[in-house]
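One structure, as structure tokens, below. Some questions next.
We call the chains A, B, C and D, going by the order they appear; numbering starts again at 1 in every chain.
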Amino acid sequence: MIAVHPVLLIAIPLFFAFLLPLIGLFSKKVLKYVVTGTIALNTIIALLVFREALNSPIFDILGGFKPPLGIVLMVGPLGGFIALIINMAGLIISIYGMEMKKEPLVKYYMLSLLLLMGANGMVLTGDLFNLFVFLEVTSIASYGLAAYNKDLKGFEGALKYVILGSIGSTFVLIGIALIYSQLRTLNMLDIATRLNEMDPYVKIVAFTSLFLGFGVEAEMFPLNTWVPETYDGAPHSVSAMFASMSAKAGIFALARVIFTIFAFTNYLWFVVIMGVLTVFFGEIIAYAQRDIKRMLAYSSIGQMGMILMGLGIGTTMAVEGAFFQMFSHAMAKALLFIAAGYMIYATQTEKMSEMKGIGRNPLIGIPLLIGILSILGMPPFIGFYGKFYILMGGFSEGYYAIIALFLAASLVEVAYYARFIKIAFEGGGKRYPSPKATVYIPLLLFAVIIVIFGVYPKPIFEILSHVTTFLTGGV
Amino acid sequence: MIPYYYLASVALIVIGIYIVIAKKNLIKIIIGLDMMDTGVNLLLISIGYVKGGTAPIENGNYTLYVDPIPQALVLTAIVIGVSVMALALSIVIGLYKNTGSLELDEIRRERK
Amino acid sequence: MIDWINVLIQAGVTALYLFLAIVIGLLFLGIGRKVTARIHNRVGPPVYQNFIDVGKLLAKKTNIRHNWIFDFAPLFGLAGVLLTLAYLPMGGYRLLSGEGDLILLLYVMVIPALGFALGAGASSNPNAGVGVMRALTLMLSYEMPFLLVLLSIMILYNTASLDVLLSKQMHFAWAIAMLPLSALAADMALQGMMMEKPFDIPLAPHEIASGPMVEFGGKYLGMLMLYSAGSVIVETTLFVDLFLGGGVVLDPATYGILAYVVNYLVWFLLIFVVWLIALFINAVFPRFRIEQAFKFYWKWPTIIAAIGLVQAYIMSAFLGVMP
Amino acid sequence: MEINLLWGVFGIFVLLPLAGSILSYLGKKFAIYIGIIFALIPTIMLYPFYAQNISELINIGVNINLVFDTTTWFFMLMIDTVAFASFLFAISCVKKKPEGFASLMLLSLAGANGVLMSRDFLSLYIFWEMMSWSAYLLILRSSGEYARRYLLFGILSAYFIIMGIGIFYYYTGSFLFSDSAGIPLMGWFWILFFLVVGFAVKMAVVPLHVWAPYAYSSEPSFVSFFSGGLSKLGTFGILMGMYGIAGLSILQGFGTFRDVSLFGYPFALLGAFTAFIGTILAIFQDDLRKLLAYSSIGQLGYVMVGLGLGTPLAVSGALFHAFNHAFFKSLLFLGAGAVIYRTGKYKISEMGGLGYRMPFTFLFVLFAIFALAGIPITSGFISKWMLYEAAIEKKFVIIAPLMLIASVGAFLYSFRILYGVFLGQLDKPYENIKEAPLPMLVAMGILMLPLLIFSIFPGWILEWIDDIMKSTGVGTIDYNTYSYYSSIGGANMLVLWIAFMLVFIVAMLIFLMKKARKVDQYDNYLAGESPPYVQLHAAHNFYKPLRDTWAPLLKYSIDRAYEKLSRFFVEGFEEIKKIYTENPQDYAAYLGIAFLLFLFIGWWLL
């Protein structure tokens, strides 16, 4: 018997999201605590679900229909892990979100809960169409949040996101339609077992459609064009959410398309190439940026490309690395976006060149350094293991040239982060207001996570040992 | 043998993409998106179509009925499509308020 | 167990040789002054003038010093030059040359120069600084061909030990016959090493008032004169040891004490010839500027030495000439 | 039992500094003192652990191998001692946020010790990177720009290493050094190439040296540890890569040229060029720290020569030289630090005459310079001797002259330091300058001792080196307590010392016969006629004539080449950036094109 229903992970945020306007009628001040409390509750449930899933995959059947007809939530260890990451990141970001001042706050909190719910759903669901629905929920919440600042930048970013996002989801739907037309089923495991009944040409088209559709959310080149502007225009906490929640849900969906549904093995090199192209363009263009959030956004693209590369390499080691990287990137990039939010607030500008000495306050500087070093893949921070495992996995498959290209791109990454650190720690800057508790507590929390699991990564690796089943088409 | 309604849906999608890429007016672009959506919905519906089948209403008198699942899917997809359209339009309104224009190049010029 | 009596005897003989070397050096300096004067059609001081000078300077009552680093010059200068002499076989007598090889010698040779430079630097006279700078630049210049020459000899004779080199030259042939080009380059380098014209740039009495020497007087100058006397012997002997078999004509193993005497005389003759050649060049040439010296040394002597090196390399590696 | 011993060693040399790093960060004002304690314990504990041979395979998911043997011990000896001395020095000079300094120093020390203990690539890489980024943060304390340059090259080196590791992993599926069986020769070539180049970056081998002059311009107390200690990890890495992992037989499998592997020879040549270029550039520096940095580049070039040649004499010379360099270069950086601390100036030409006011500092620096220049009364001579003889006995006619002329060049820049900083005229502002504080002097004194001791008893250190030679299978060297031999020569240090003492006594006797009167520095050739204040210190643009002659060659600069390259890349990046046109319609078009392209590829694959 299932002790905790994974569906709660979706239901709780949904319930509270629509409860918020009612609470808002009485008191606006409670809202933020309610949201944080909700996400905390969610995190606890995610933890419980995850512990459960470690033993055996959970199948939670919804609506009374039996699979393959009915909708099912299937939570493997990895899915539980990603859900936990998403909820944890969401929790910490929501602490930062407490300082949000701009009205309408109710809508902000509501949308962020919906975003969380959508991301959770994307990770947990075992039904292809359901996946699409949650993708759309996430997207709609994201569109709203992206334009939340209601300035030109925000709207422009949101517009780009809307256009690309809806084309992407159209592709997803096409893929679903094609699969359904051939197999008459939407359950992922069912599809996977009956895949060879499909006409190969239709299979290719379906795969391409799904790959591209989720690629938009997973920030794959060349579908990631919306990323910089949307991240740039959105409020800082929202950028952090995008990077650590919706992008992770997207890439996990992509991973499930690749491994669980299609179980590709012989054409994976194509994914590797897409991954390395993503890294390459992401990092190179990040170097050419002057604004901090844009730089972080492009860097995020690069990191997602690395994850994609790890998935594409497809050995146990590389995929373990990819999942580790999802974790580390969620933590580190959220940290950096929150730090960037503080910096923009303190300096009143987005230009990196005007942020002299912003990091000299240790409350900002130390988490900032830890985050950046983790992104750069330095041990003993969590960023290291993902990168190292992906690379070693790649080597064991003999992708020398691609890894050399990847390392060259990483060098560019080092260059622009070092450039930023140089400015941030330069002497002779102005005096900046010291950060509030809502800023430095999330920063320190993220930093502590980054260091603790960097020094003692064993629990994570134990979780990731389930990658083997995932690769062979399991949950 | 590809039935013609597949062609129609493909045509709708292609036209939609063309509009999105080529037209400068934001409203038109959103109409393009909508057309794509419609095309896909049509595709879904047509997948479930069984020749001679009736509506899948469970009262026991029919042996031949169309696949009910795509219809359910399309219903959901339409709802989603509508809400996306609504959000997209609200974003367009926001852009219009900020720049006073609905033309994409003018908005971009405004930016600079 | 060490044979202490033997060691003491050897030390005594070595001390004698060192003393003689300094005396010969002073004599050579006097001869140098005389010869140069004769070429310039002057009378010149007597040959023993330098002995008188040194005696007078060392006996002076008033001595002036600047600081304790200033004292390094005479101390390290004299001690270093004596140490260097001890590592050079003189007239077939090996002294300490069995206990260290050419590379060691090369670096021991630097000790007196460095001490001198330190003392000169501490005199706080800018001329001294300029002088030392020139000396060091000159050193970089002439060392280029000289090192190539050393290398050719070491490669050809397959040894870095002067002691072994001498015996090999005695039994086979003098290196000047084997490597004439290298000998030519070495002689050019020697001119700079001895800071004779056209390479007396570091001293240049008319420009920088004798450069490093400028502040020294009394016992300081006296000891420095001993130092320069010693270094004349060091440099000429080095050339003789390298190319002219160190003047060894008789094998001490067979001829005993007679060999030592004869070899010593031959060695004296040879270093005198080398010294005279240097003097003649010195007497007729004007002074280079330091840039010219550098360019000169890194051009012609280096090319000649490099050809010599190639020759030695071919002889040793391909033709199998193994002295 | 065995494993307990290993964990004990690991605890003392790696975990203890790590713990110290946290403690000292909390220690705030007393951070440096805490740091000293935690740097001292490993240094002292080296003594009981001499000649231990502990090795343990540990499984942490993958097998790793931690080892404590003579190689580890030897390298730890220099790194830990230098770290301790740097900490001592820091007592009086690091005033700004000492807790950051102490904890980062201990962190990099822990990383360095960890690198030395690891005999597998995974732990090696982890500790290597730890050391690398903590060094980066330490440089960041003084300059972001310098730190940036260092980080770029540090990561470049790490990526080279990771390429090597990856290829090794491809062939063996393991990270252990010992699992190296069955790698084809071509594989070995790439593994070694990447490893050696990667580690060579740390040793600042030309043309990968451009970070060094900047990185070595940061805080002196750190730089002495950096240049003296951490750069030796490059030496360790190359030693391990070429002789520990691959071994002579594989190196010789690439073909030999007079018993020297054709793989090692180009690196030896590169090392010789590094020695030459580093020296020449050092001659022309006016910034004290930059001069020392270029000199460091040059000196490590010698080490590279030895490692590349790979004969027993050459490798032991390289190790000995690395050892000497650790001590004399740290000493020089500390001396420079003391001078900078007292005067607040960096330029050599702005100092002068400090030797009269800071006699002990001067003496220590002088001794270090003797060692650097290879004056035989220091151990610096012996290592150079071994390297020269190694090249000459194998008749390498390009390497040997380059090394020899570079060492002549070393006299030039050494004297520039001596004269410009310590000799010449004492300038007015420094009239009342004091001797460096006691901790600084003690630190310098500690570093001086080995240079002196091993010049008299080279056999002691050669015994350790011989142990390393045996364990790596390079061969053995010919030595006894006082003397050492090559096939073409040899030298006895005791005889030299006794002879030197005797002649020095003779010179002393002559010198002491008469008393001398002390006069003021202005009482010189101007005969006291000088106006009240003239600065007559001729240290500005010291080697101008030489510089003029070198000008046509100095025009070509590797630094500028890198700058040009980076500008080219940045411009390229700006071009590539234009792909992201910020026009949603273009983006939609990309999506469409990508779809068609993917479909096309998919069909083509079918």
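Quick note on the criterion: contacts are C-beta pairs under 8 Å (C-beta built on N, C-alpha and C of every residue); 3 or more make two chains touch, one makes a residue touch a chain.
Everything numeric here is computed off the predicted structure, so don't read it as measured data.
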Once you count every C-beta pair in contact for both, which comes out on top, B-D or A-D? A-D
Rounded Å distance between chain B and chain D, as computed from the means of their C-alpha atoms: 66
Chain A and chain D have mean C-alpha positions lying a whole-number Å distance apart equal to 43
Centre distance in Å when chain B and chain C are each reduced to the mean of their C-alpha atoms: 98
Rounded Å distance, chain A centre to chain C centre (Cα mean): 77
Of all the residues in chain A, which ones touch at least 2 other chains? 159, 163, 167
For chain D, jot down the residues that touch at least 2 other chains. 582, 584, 588
Would you mind listing the residues of chain C that make contact with two or more other chains? none
Run through the chains and report each pair that touches. A-B, A-D, B-D, C-D
Where on chain D is chain A touching in the complex? 60-61, 122, 125-127, 129-130, 132-133, 137, 140, 144-145, 147-148, 151-152, 155-156, 159, 162-163, 165-167, 169-170, 173, 569-570, 573-574, 576-577, 579-580, 582, 584, 586-588, 590-591, 593-595, 598-599, 601-603, 605-606
Residue ranges of chain A touching chain D (in the complex, touch as defined): 159-160, 163-164, 167-168, 171, 200-201, 204-205, 207-209, 211-212, 216, 222-223, 225-226, 228-229, 267, 270, 281, 284-285, 287-288, 369, 373, 376, 378-380, 384, 388, 391-392, 394-396, 398, 400, 403-404, 407, 410-412, 414-415, 418-419, 421-423, 425-426, 458, 461
Under the touch definition given earlier, write down the residues of chain B that touch chain A in their complex. 13, 17, 20, 26, 29, 33, 36-37, 40, 43-44, 47, 67, 69-70, 73, 76-77, 80, 83-84, 87-88, 90-92, 94-95, 98-99, 107, 110-111
Touch list for chain B against partner chain D, complex: 17, 20-22, 24, 29, 104, 108
State the interface residues of chain A toward chain B in the complex, per the touch definition above. 69, 129, 132-133, 136, 139-140, 143-144, 147, 150-152, 154-156, 158-159, 162-163, 166-167, 169-170, 173-174, 176-177, 180-181, 184, 186
